[in-house]
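Data block below; observations after.
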Amino acid sequence: MEFLPLNEAIARHVFDGACVALEGFTHLIPFAAGHEIIRQGRRDLHLVRMTPDLIYDQMIGMGCARTLTFSWGGNPGVGSLHRLRDAAERAWPCAIELDEHSHAGMAAAYCAGAAHLPFGVLRGYLDNDLDQVNAKIRRVDCPFTGETLAAVPAIHPDVTILHAQRADHEGNVAIHGIVGAQREAAMAAKALVVTVEEIVDRLPPAMNSVVLPHWIVDAVVHCPGGAYPSYAHGHYARDNAFYQSWDAISRDRERFLDWMREHVMETRDHAGFLARLQRKAA
Amino acid sequence: MEFLPLNEAIARHVFDGACVALEGFTHLIPFAAGHEIIRQGRRDLHLVRMTPDLIYDQMIGMGCARTLTFSWGGNPGVGSLHRLRDAAERAWPCAIELDEHSHAGMAAAYCAGAAHLPFGVLRGYLDNDLDQVNAKIRRVDCPFTGETLAAVPAIHPDVTILHAQRADHEGNVAIHGIVGAQREAAMAAKALVVTVEEIVDRLPPAMNSVVLPHWIVDAVVHCPGGAYPSYAHGHYARDNAFYQSWDAISRDRERFLDWMREHVMETRDHAGFLARLQRKAA
Amino acid sequence: MSDATRDEWMTVTAARMLWDRCVCFVGIGLPSAACNLARLTHAPGVVLIYESGTIGTRPDVLPLSIGDGELAETAAFVVPLPEVFSHYLQGGRVDVGFLGAAQVDRHGNLNSTVIGRYEQPGTRLPGAGGAPEIAAHAKQTFVMLKASPRSLVPQLDFRTTAGYLEGGGARKRSRASGGGPRAVITDYGVLTPHPQTDELQLSALFEEATIEEARAATGWPLALADKVDLIAAPTVAELASLRALHARTREAHSRPIAMPGGA
Amino acid sequence: MSDATRDEWMTVTAARMLWDRCVCFVGIGLPSAACNLARLTHAPGVVLIYESGTIGTRPDVLPLSIGDGELAETAAFVVPLPEVFSHYLQGGRVDVGFLGAAQVDRHGNLNSTVIGRYEQPGTRLPGAGGAPEIAAHAKQTFVMLKASPRSLVPQLDFRTTAGYLEGGGARKRSRASGGGPRAVITDYGVLTPHPQTDELQLSALFEEATIEEARAATGWPLALADKVDLIAAPTVAELASLRALHARTREAHSRPIAMPGGA
């Protein structure tokens, strides 16, 4: 485990063609890390995330991704991810291969990855068309009852990137609030990078809470606001208005590219990104 | 969910021949409930527990059990469970059938039960003799890699009995400290009975802690000291001296029966049991 | 004559279907409004589970996303997402699954994946999310969607989520443990499956709607159930609750967020 | 001449094998004493995991059971037991598994199940617990047991836990991911597997022990490794730490417990 600035952590752990999971279910989405991947111009990534959300819309629109493993690709409560749709429907800026699951299937695949099992089992994918468009959805028979169940292959990202509230000086990371599949995505990964709101002397006492211990963590990045416009429970709220405004920004290719240039490509880092947004809001 | 006195909760949910899991890993072992099962004279139970501990030693010695599903049957840090040994080695007071696992195998079986899957998968039971004495340890092939893994059948107790620190008036149960496989044993069961130290207006705030929600719980029993001589974190400590003294008490059949008569059979309830022990200590 | 909008009729109708203390797996949008309206009116003990892992949540305002902080703050507790699906849903601990969809066919199967061919989509929709397994495991499912010949279709472009399959008891013979879609709540009334054929039929109509309107908004020849109930207009109390909820929600969502940190 | 007991020699020898910041899955009894001694001396950053789910625990006194409250109170955090086995052990996140056993054979296989036949046991032992999978998945395993011809045996009555199987590289060809038992620490010294045959050989002897003593306490013809190191006596500091730990433990365990409630 080492403490790194965000650009170094991304440079060290995210390479062209890597399988990368930026997890966090609505809460604690690692926007800052995603923006830095875009700034560094990574290509051919295999992106993994249950709910791609705006950050993957941006990464896909900027041409970072070759493959997307996901289970729900929308702007929650708003509508479509237009950049994802443009890639899937019209191969812009490049074609994207979809490895599409249900939430339950993807959760099982993360759990299998975390437990170092080659596959996960679920009572799922029953009588629908998902297994006809995804050869990674298969079947396994129970050796006791003979029942047939669904099987999905374990997910093992080259790197999982999370955002969390706090790390201590040893690199132990504490998460509270909605945790989604963060823990499983972390344990399933070959490397783990965590951006955090604060680095503290001592994590809050939390007998049975979600902690990622230091020897699972490869890099900790101090990055306040790193989940914005998603949120960090206890630090700042979700900017629902931003999510709503993204619909219009992302609908048009030129407007999307202009926005990304101004806010992500031409800002040095996440503090710059936040400052530019704040200046425009003022 | 209903609030019941312990004797009624046991009478309603534990029947002769039932499959019963009293879980809790060293911590929060439901001694009071086990004693009440002995008082009510239940027979032919299929007892399930990772670590049988003293309470199963007592139940087995008193002739309640026909089958034992377990993964480690000792007095932790002290030595043997003499009543379990007497049953296994000399069929006293009756023969006991052993369904023997490793911890990892039994954890996988509880998890499968909790998730309503017919079997659990693990990388386990590798090149040892356990699968030669237990036909419930089988193999399953990964439909992706072809690897062979161990499979165990799900555990589905007729009733799981736990001890916990607190319930609220709706029957939500909160556990903190060492939780073992309590959560999985609870979710896997057809009925769930929980004895608690306190019933409170509001559970302590605990964003991501272990809570068993009220509609999973069939009965809540207010039973202070219900885990003694095991412990309830924040309420009372483990009575290690009692665990050590049990070795001598349980070694001899007559001395065991005398002790059980005096402390369990001839006390009306758990308060009486605690009072008798306290009187003798005084 | 009620001044309620059709959205309000739908939401109130759906809310009335929930009972106190039922355990409900809530989809976002109209289902979320309906479930919370039920909680704020006749079913204060309803247990709402959102797939983000918030269990027994009692939000004061409606969440925009399925994982807003409001849901975590007002939850009885929060579990990791995999546990929601394995222990609660697959574990058989959910009474009602409340879903939306882009398309429903005459046997209650749902499409939320794609319009057109999967490989060459006309419109790429968000995808399955929790729906396939919610519909498989919840003891019963309610579906809410606005009716039109493009949403209530004879044939799905893609079957994301199984309802009654091809009908005629096919679901009962399948491996699904839950009972399937018991009601589709539209903006003209409620469709329920025929006991033998499983075909969705009109079984209840909003007082202010007509059978002609219903037929025009349905992509298959809509049959009437043996008995078609009339659904009474939202009561003053129901409307007041719902409108107050929406007003609180609008107010909360328009409140500017204090941006974190910055330069 | 050291005044250390053989238990103390064993414990100190085992403790010295751990390194700072290594992640160690700890069995109860002698392994627990050794791991905590390491933590209190040269390896303050060692991460101790007990199978009860306590991770990064720093007990001030030794636990009697594997789940004493002391372990939870001093832990970095506590996880449900299934997670210890799936995410940490099977997940490949453990460097060292530290085990005891009733019997070890010449290839490092362990028995903790039964003496005699399984169906008609002479002595029924506690059973497997976590050992089979600890030995399978930890990157390496250390085993501690007191030597005698009944504990270091040519042939096990029951193989609870695989070590090097029948030797000669059999383990490497097996499905076990961990490296197997790198050392068996006894009360005369340390046995390690021969690089080719995997047979346990004497590779280090306590300064005050003799090869004759070692051979007499071993149930197979004990071979010497190419090089037999001498193990230096416990230092004053090591002994002081260990004895203080045991004294604190005795004091704590003899303190009467306030019994709960009562009539």
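Each chain carries a letter (A, B, C and D) given by its place in the written order, and its residues are counted from 1.
Operating definition for what follows: a residue touches a chain if its C-beta (ideal position, glycine included) is under 8 Å from a C-beta of that chain, and two chains touch if they have at least 3 such contacts.
These are the chains along with the protein names UniProt gives them: A, B = CoA transferase subunit A; C, D = CoA-transferase subunit beta.
All values reported here derive from a predicted model rather than from experimental measurement.
Think of each touching pair as a link: the shortest run of links from subunit A to subunit C has 1 of them. Simply put, of B-C and B-D, more C-beta pairs touch at B-D.
Once the centre of each chain is set as its mean CA position, subunit C and subunit D turn out to be 56 Å apart. Chain centres here are Cα means. That of subunit A falls 41 Å from that of subunit D.
Once the centre of each chain is set as its mean CA position, subunit B and subunit D turn out to be 27 Å apart. Touching of two or more other chains is recorded for residues 72, 78, 86, 90 of subunit C. Of all residues in subunit A, those touching 2 or more other chains are 116-117, 122-123, 147, 177, 179, 183, 207-210, 233, listed in ascending order. Of all possible chain pairs, those that touch are A-B, A-C, A-D, B-C, B-D. Considering their complex, residues 114-117, 172, 183, 187, 203, 206-209, 211, 213, 215-216 of subunit B touch subunit C. Taken in their complex, subunit D has these residues touching subunit B: 28-29, 51-54, 63-69, 71-72, 78, 80-82, 85-86, 89-90, 113, 118-119, 121-133, 136-137, 158-162, 165, 174-177, 253-254, 256-263. Only residues 21, 23, 47, 55-56, 72, 76-79, 86-87, 90-93 of subunit C touch subunit B when the two sit together in their complex.
In the complex of the two chains, the subunit B residues touching subunit D come out as 25-27, 50-51, 70-74, 76-78, 80-81, 84-85, 88-89, 100-104, 107-108, 110-111, 122-130, 133, 147-148, 177-184, 197, 210, 224-225, 228, 231-233, 235-244, 271-272, 274-275, 277-278, 281.
Touching subunit B in their complex are the following residues of subunit A: 116-119, 121-123, 136, 138-145, 147, 149, 151, 153, 175-177, 179, 207-210, 233.
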